[in-house]
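There are two complexes below, and they share chain A, which is joined by chain B in the first and by chain C in the second.
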Partner chain A sequence: MFNSLLNKLLCKVIFTGLLTTTLLASPQLIAKGVYQSGPDFIAEVFEPAQPEAGVLWFNDSIRQQAEKILGHRVLGLRVRYHQSGAKTAWILNEIGKEMPITIGVVIDEGKISSVKILAYRESRGGEVRYPAYMAQYQGASLTERYKLNKSIDGITGATLSVWAVNKVAALALYYHSQVVSKPESIK
Partner chain B sequence: MKKQLLATVIGLSFAATTQAATPSIEEMWEIIQKQQAEISTLKNQLEKNDSRLTETEIIAEATISAVEEISLAPAASNKTHIGGYGELHYNKLEKDDGSGDKDAIDFHRFVLFTSHQFSDNIRFFSELEVEHSIAGDGQVGEVELEQAYVEWDLANNKSAKAGLFLMPVGILNETHEPDTFYGTERNAVEKNIIPATWWEAGAALSGELSPGLSYDLAAHSGLFLDTGEYKPRDGRQKVGKARADDMAFTGRLKYTAIPGLELAASLQLQTDMHQGEGEKIGGTLFETHLAWQKNDFQLRALYAAWDFDDAINSIKAGADKQTGFYIEPSYKITDKFGVFARISEYDNTAGGVTDSAIEQFDLGVNYWLHPNVVFKIDYQNQDNSEGTGSDGINIGVGFSY
Partner chain C sequence: MRSSNPAKTNVIWHRRIGLSVFVLLMFLAISGIALNHSPALKLNKISLSSNWLLSWYGLEKSPINAFKLNEKWLFENGNNLLYVDGQSVAPCSAPLLSVANSSNILFALCADTLHLLTDNGQLLESYSQMDGLPASTGSIVAAGNTLYLLTDSAVFEFNPHSLDLKPSPEVDRASLNPVTDPQTLPELLEQQLKNSGPSISLETVILDLHSGRFFGQFGVLVMDIVGLLVCILSITGLLAWISRLRQIKQ
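Let's turn to the complex of A and B:
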């Protein structure tokens, strides 16, 4: 009897402790998943060069192709980018399950040189931001069907986030091809 | 005579030209003044044009930004999201002993997700499900609240939640949209041993110990076994006026540092599944799994084992140990078409002396019409030592959004 009561008391103490810990920690709330600001990303990517800021305006053809790559409507009139020589950097947003993921993509001579998650706001699937996962995109280029020419190993339980990053990587490659000379793969 | 006249004319012309080409200093000064004035006028006009051009650029930029803001606003400002999934199943199974067939079509699950983002770091998530299409008195289905919790971020890599949430155990329990797994029906091991889909009410902490190594800790309501019940699946109270005399605790470690690989282990403690009524029955669940994807190949493997107090054997002999495992290799032939095979075995009376394990073999295909829309067909063959197994086919269509 005493053991049973002690057991129940212990359980409730643990439960209350867990709840209290979370509640007490709440005042120090920190915004989830903003890992790097856009300007910092651009500065880091081109350092020590000073890139030129550019704007790619959407004409019908660009918008249609972008929508095919993403599989949904593309809003807005243009996309901004930074360029130095044959290297361009793009900061794009795409929704994973519910919230936009902010993704930085750097392309050099028609191939991805790096992909980085700048902000991740979904409550699950944050594994996509790990460097080992992101490294898979390095060297990827566009196929004739505007898909990545590399197979990307996914993450169990984070399929939608993986798709979002795949689509943004392909989109940045396409945008890149519109502002610099076209890469061999889609000439 | 003519020559003299011509010479005179040329001479006069030359004199006149010479006189016009060399103005006086005063005339020169006057010309310069006029030219200077003209230059100033032109310069002013140019500056005005420049100024108008800059002004036009500013107006154009402001207009474009405003248009973009309006067109992008609905997506960015929408804090409430709706999603869902559903799956329709057709089962045609025959019992090995001829005792009965199953020939049924069933809209097994129709689910609505609703979530709301209160702020950047506080959100709500819910899942409301209609099982078997129709619910109510005497009907075959149920309406169930499977998730309803508030989650808030304590730091970049740490969050807490409180409410009704899915147990962090197994592969399918938390991610079970039909387009994410092979097989029309969910695998029998996670269903009968874990038991998926399984939700409880309480509080939980989740976070990362290092990149690729995450943890979950939860204190929550426990299972309740009514008279004669001994299977964990029967003990789910579904947080409906649930008995909360004795709680349960779950912890999970998950390793995902290598792309394509997930290794996880969960441990759960049930303090008393009789919730203070009658003899105490505590138990622990250990579950571990691997999900590995390399290019088009995928392997899923899971092992789960319950260890209950011996007192449960008085309800059902051998129920103190309930175990199961499955291994499921699959291969995506194209982006849209994948094949799988699964061998599984589970036993809800594994502590007994007799062989009571149920073995199942599944073989089938998934065809993704769209990444979120899937058609499935598979063959299943279930066997047990009593010879009351069954075999047949399952066909399904599922979607999520």
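Let's turn to the complex of A and C:
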């Protein structure tokens, strides 16, 4: 009797276990993808105006500060941006964990107007692209120590992506400050 | 013939499960011990770079496309990095398709990005598919002072200063001669590549075999089932022991 009951229980355990295993092995939610191209992002940001395209060349001081903000070497000798009045838009790449995240940052009057993930290539951590998270960056500006003046709430499981977006937001604010304040000869 | 005795059924299933998971269980035990002592065994220092293993991990050794331009060798090193002579300058998805030289700017077209370099090999900037580079761009060619990007079906005039692309249907493709035929890399640079090619540590391979990830989702599922069967094995073993105790008492 006791053994018969246990055998029935065993069958149930096997069935439940196999079912759970199958469910756990089901395909994971894929976070990666290209959500918007650079030209489409620029057109959307400045619509209906036609922004002017500009180039910020890196001198030693800009490069050093940019590398301090990112915490690693900056590739290239120049970076492109688009401007209309006091509003600038930047499309920058930064590694999350292993792959680059392409991030669009719009700055108006020295404050972040919007941040958008244009392409996310990691398989996990894509929650950073949700509007509710991105909304935190609105109104953020740069402190004297080149950090964001707002505290940004992290996302569990997407820490490195959050750090990457924070760094890019600060970098875009810094680049913006160089564009709006730099002498005409550098422009 | 089916046994009606539950104790006997239990023992039969215990034997069956034990036999079916024996090999995998032995492997799990040995690989687990090896992983626990990985630093002492220096498993992470042993690099494996056999072609089939790299191919299994999606790290095939692609043929190195090297081009000589302005007395400089431009090539992708097999690890998705663009090199100018011995220096890594930018990420570059293999293969390096084509190179060109115009107005003191060197152009290196990788699978999804066009890199603009100074004539001494420093990266100026990159122009990727995210920025508007057509997806099927196969080559870049300089004709006089004009640069053209050639896709499967179209020719575009490319302005390296504004990064603007303009379709040029009037240009005859046959009159353009892009540099797309790779050359043989000098021995010195070839030697350098041998040390920087893709490889996988033995620790990673054992860990992936241990978890089943080596065979993808199917492997993980199998290892999960083995784990479950080991639990059942313990329970059936316990039941067999209890029923034997009862028999002895009776």
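The rule is short, and it goes like this: the second predicted complex is superposed on the first by the 148 of 187 C-alpha atoms of A that agree within 3 Å, B and C clash if a C-alpha of one lies under 4 Å from a C-alpha of the other, contacts with A are read in each partner's own complex, and residues count from 1 in each chain.
Just so it is clear, a residue touches a chain if its C-beta (ideal position, glycine included) is under 8 Å from a C-beta of that chain, and two chains touch if they have at least 3 such contacts.
These numbers were taken from a predicted model, which means no experiment stands behind them.
In the overlay built on the shared chain, the residue A:Gly38 is in contact with chain C alone; chain B does not reach it. When the two complexes are overlaid on their common chain A, residue A:Leu77 makes contact with chain B and with chain C alike. Using the contact criterion defined above for the overlaid structures, shared-chain residue A:Ile91 touches chain C, although it does not reach chain B. Looking at the shared chain after the overlay, A:Thr102 reaches chain C, while chain B stays out of its contact range.
Once the two complexes are laid over each other on the shared chain, residue contacts for A:Gln136 go to chain B alone; chain C is not touched. In the superposition on chain A, contact of A:Glu127 is made with chain B only, not with chain C. On chain A, the surface patch touched by chain B in one complex and by chain C in the other comprises residues 4, 7, 14, 18, 21-22, 25, 75-78, 100. Within the complex, the chain C residues that touch chain A are 6-7, 9-10, 13, 89-91, 118, 122-126, 129-132, 162-163, 217, 220-221, 224-225, 228, 231-232, 235-236, 239, 243.
Residues 64, 67-68, 71-72, 75-76, 81, 83, 115, 117, 120-123, 125, 151-156, 159-160, 162, 171, 174-175, 180, 202-205, 211-212, 217, 219, 245-247, 249, 256-260, 262, 271-272, 276, 280, 291, 293-296, 371 of chain B are the ones that touch chain A when the two sit in their complex. Within the complex formed with chain B, the residues of chain A that make contact are 4, 7-8, 11-12, 14-15, 18-19, 21-22, 25-26, 28-33, 35, 75-78, 95, 97-100, 121, 123-124, 127, 130-133, 135-136, 151-157, 159, 163.
Taken in their complex, chain A has these residues touching chain C: 3-4, 6-7, 10, 13-14, 17-18, 21-22, 24-25, 27, 34, 37-39, 53, 75-80, 91, 100, 102, 118-119.
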